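In structure tokens below, several structures.
Each of the next two complexes has chain A plus one more chain, namely chain B in the first and chain C in the second.
Then we have the complex of A and B:
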């Protein structure tokens, strides 16, 4: 019983970790990856994030595709389709507008991290 | 180990079973599931295709593909509105502005003529009735088309099944009716009603005639795979 409750706590914690703080940054993560890699398809993005963060951060499928479609609708991403292994594969890449926006968002994120560090660990700021 | 064409077909069927009715979304999800299943086979070659599929589907959460469908609808809806807007702007350029002006005059006289509560109510009911009939007809025609073709694109559905808009065909007359009941019969109110009516019916015209006639171009622009599919 105790073990089961603990297990639920762990799952809850993991979910929180993967949704609360990271949710707002998902678009930025996707755009940063595309900036580095040129073009990627959905599954590749989930795997790449897992690989870079050594499994710490897990982009859920239910969140990734909505984010991609939204970015596409905003004109930040462009799509290409190719036939690979009997099936069609949809690749995403940054548009010109997307590239500019990536720079802005990364700068914003950096600023945010800096401010958070100052708040969480004030002594370091002196 | 790679998936066979039969297994790919099964994945398409699986997405359809989970309420993804549109080929563009199906294709992206099929590729995702296929990659994920192949990855599982690399780690555990013994797992069966169906079991691997279930494992991957669970990762989409309790709502399955619903969230993906919802966001796609919002994204494409934005795109569709942009098409309507671009077409609407055309009506205020030199060649078409005469048509727009004539339409404005027509409605101006129509409203003056109908400026009695009973006539306007009758007109409002008539338009609503015609709208309903056409909406049902368009929708059932589209559903038949969808069933026969089996493979429709989400944007194609938005373009071809415009029945939802016909339900609202009576809105300008409804508005006129409500304003009359408030006893606002100044020229300003009529002017506002005429302006609203003209814009509304221009949008309706665009949705019913202009956009469906350019469906092919819009689909090609939105889906790079559209041209690819129609060659094969």
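Then we have the complex of A and C:
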């Protein structure tokens, strides 16, 4: 019975991938990447996420850019525009406030994952 | 494999025709599409037009979603303006405006003063609106335009309250000082936002 419930949950989780479950974590994912890479542009972020998750997670353009603009408006990201190959490229990087906020949000996300694990699979949790 | 300036122009025109009117948003979309098309050309050994077509067939809807950020339109600029309005300089401005309105309404009476005040705001607003239109006639910027929502909201709220506020000295002074304060604080906010946007995005104005 327990196995069956888990199986259903895994299927549900796969279906929800790229939607609800990830929506709340999108900003944290972006901030974590910028913390590691220093500065990145939009397309680079989508590709990096695809690469890390081996194509499992796909951040859509329609979700990424509004999220980036919101983080910029909140003062968590700073931008630099540069000319690259006949066109302009907008790079994003964390501000000082953004760096501090990344640490907080990552801690919050880790706590969330831990709690979810306890609920979903008590045997695996510690 | 880098795209030629003709290819870039082609994508820019395509986005313009898809009603991506704001230059700052279009510039970012253009880079996204161009980079994706370059990768596709290389990975699948396609020419520009085939790569562009096959990319847009799948991704057009998602790409153009970035053109609709209505959710941000009121909330973010209002929040930013709210924080700006409580900075020390703006607090001093508020006290100054309140004192002047109180002083003059005591000397000249409410009605005469009220009409001039409203006329003054409308004329200044018009001059400001026309200057903004002329400044952004060639290129419209989402980041700048969205700040206008603050002043639209102000007029929407102020118009119906205008007549009722003239009933006694207290409501008159509070209402008119508030209107004048938001208006002048907005002018300063708009100027500083434009200046910082220009500094950060010098390339966009070339």
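Heads up, the rule we're going with is that the second predicted complex is superposed on the first by the 108 of 126 C-alpha atoms of A that agree within 3 Å, B and C clash if a C-alpha of one lies under 4 Å from a C-alpha of the other, contacts with A are read in each partner's own complex, and residues count from 1 in each chain.
Everything below uses one rule, namely that a residue touches a chain if its C-beta (ideal position, glycine included) is under 8 Å from a C-beta of that chain, and two chains touch if they have at least 3 such contacts.
Please read all numbers here as calculations on a predicted model, not as lab measurements.
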| item | value |
| --- | --- |
| Fit or clash - chain C, chain B, common chain A | clash |
| Contacts of A:87 with chain B and chain C, given as first, second, both or neither | both |
| Chain A positions touched by chain B in one structure and by chain C in the second | 41-43, 60-62, 65-66, 69-70, 73, 79-81, 83-90 |
| Complex interface listing, chain C residues touching chain A | 2-5, 8, 25, 27-32, 34-36, 59, 61-63, 65-66, 69, 71-72, 76, 80, 200-204 |
| Residues of chain A touching chain C in the complex | 41-43, 60-62, 65-66, 69-70, 73-74, 79-90 |
| In the complex with chain A, residue positions of chain B that touch it | 2-5, 8, 27-32, 34-36, 39, 56, 59-61, 63, 67-68, 70-72, 74-76, 78-79, 223-225, 228 |
| Touch list for chain A against partner chain B, complex | 41-44, 47, 60-63, 65-67, 69-70, 72-73, 79-81, 83-90 |
